[in-house]
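Shared chain: chain A. Partners: chain B in the first complex, chain C in the second.
What follows is the complex of A and B.
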């Protein structure tokens, strides 16, 4: 889970990695945009070999939500 | 956020002003309300479909448009919708689903209007979004074909004069050979399973303001001159001989443009499906802007319909179908 948080945080250029925990509501960050969302989808595909969809992101508000979706698709 | 879908003629003046401002702000352009209205009315139905997103205080957050076009698919005429003019204002971009919600509203509306398929040629930023968030499918990357006439001007070289003399001579000889060859042999494009319905009405609407449309006997071609960073570029949109793409029509069109416009570069962007020796195919790595064609089917269709749409070889698609210039 820690690694997931680390990979997730790496997709944000301007937000400090220390601000990310598994509980973080990432869509509330000022930096959040469709480009960050696409980076997360690409990261999950590359690192976990899981295809996330736009709907998966829509359903998620915290990192834990995304983590659970990724786990369920593995 | 409230999303409304309206036809071009149902949008009031104040909203047009907001659409124009939003578009100009997003893309750093200086279009007028009237340019948009004329462009979106100039379609086979006389209007387009616009999804407009408003925030809780009624401020326009974004807009996207579907332009109706008739296509012939395996001999059957049907209505497609080409997406374009999309933007979400900077202030609202943290809500990454505004665009997909507008699209969903358009899907529901356009399905009722008997539009079967949405097409799009998204830019670099929105291509991935189209695939991941709108669930659209990639068909092909539109091909570029070029004939550099003033090569020195194109690459802005110190040896401009020498390169230009060389390329003018080369292109002249090439065209002379092609003119001669076209007397001996005419290559005809194989019929495509999917193509725009080219009729008088379409041509009248598609090539109205800013285009040069030439008809001489059986030959018909349309092009547009654009100055891009000092390079006079002739965009060839359409070349037909008796309603078919042929190498002879291409040769005639290029000869006409060369003689009458003296361009630095002649470009054709689209599928050809016939042998020709007039233009050079630009390698994908060298194209100035990748133009991916994406699609989605709106209503329930058979698998064979999807198979036809997803096969890049079935398409006759180019700048005549859409215009980014």
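What follows is the complex of A and C.
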């Protein structure tokens, strides 16, 4: 789970990694954009070999939500 | 699994036509300067060519075909088949290929029909045309592939309008017993049909008064049900898994060493997605040409357009081996291995 937070945080260029926990509501960062969403999808594909859909991202608000989806698809 | 080799067919020439009119991404009303820079950094698209009102895909393909026929010295009555591949035909009916037969002054005794495909369209068109020619009863074929996809985008939709450009291409194929043949992998997943769709105007949802109601989905995305809808996240997720998989299936099934490929031609979706695909396949950057910067995503035209634009000179001088991979609307995707020898590649035509 710690690794997931680290990988997740790496997809943000302007937001410091220290601001991320598993509870973080990532949409609230000013930096969040459709491109960050694509980076998350790419990261999950690369690291976990899991295919996230647009809906998976849209219905998630915290890192934990995404984490649980990834886990359920592994 | 659709892995198919087709022998006795060679690609002889490719040409392309684009509109003269270019439009910069920077300065579009729905983007601040900062947003435009971010868009450019992500997609790689700085400007696109857009047709004027009244100009269609078939007009661009017609110009490309005229030039190619002239450069190849093909007689009009030698052309035995014509396929038009597009998501933006002139009419719902009749098929645009029928009207192109007349415009190009091709003979009546020709096989001509349309194929409705987008991002994967050139690969599917090549597959169909090669099959028609490989028996040797039909000798020469023209494959006309392109889109004026800008016409399908709402000008107030930042998720489509800045990305797409217009282009038409012509590919000439010939029955040839000395050919190295073509090798294909083709696939489809209709469960993703709604990821790229124009909902209204066909016969599932016929035009009605709601079809022209503009709806704002989110900031910067206002469109009607007769405009193109692109679910970027789903298409991205699809592209980064299926495009590399397709190339790998092609190479393992036919024993193609990717090192022996001179150039990889990917559908020009956007830079971010295409670079993910390239890196997954561990292909060096110099083997993967792009036309996104000045022309954007030209839908079905991207692969032949990028070949003529970026490789035209070198392809006309010698022999090259390629793998091309198209992926998108359908969802549909496919890869093809082919080679060219002194390909006839006229300069890009501006209409």
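In the analysis below, the second predicted complex is superposed on the first by the 74 of 74 C-alpha atoms of A that agree within 3 Å, B and C clash if a C-alpha of one lies under 4 Å from a C-alpha of the other, contacts with A are read in each partner's own complex, and residues count from 1 in each chain.
Basically, a contact is a pair of C-beta atoms (placed from the backbone, for glycine too) under 8 Å apart; a residue touches a chain by one contact, two chains touch by 3 or more.
Here the structure is a predicted model, which is why all the values come from computation and not from measurement.
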Clash or fit (per the criteria above) of chain B with chain C on chain A: clash
Partner chain(s) touched by A:54 [first = chain B, second = chain C, both, neither]: both
Which of chain B and chain C A:21 touches, first, second, both or neither: neither
Contacts of A:35 with chain B and chain C, given as first, second, both or neither: both
Common interface positions of chain A, toward chain B and toward chain C: 33-35, 37-38, 41, 52-54, 57-58
Contact footprint of chain A on chain B as seen in their complex: 93-94, 96-97, 99-100, 125, 128-129, 132-135
Chain A residues within the chain C interface of the complex: 33-35, 37-38, 41-42, 45-46, 51-55, 57-58
Chain A contact footprint on chain C (complex, rising order): 38, 42, 159, 195, 231-234, 236-237, 240-241, 272-273, 276, 280
Chain B partner contacts - residues on chain A that touch it in the complex: 27, 30, 32-35, 37-38, 41, 52-54, 57-58
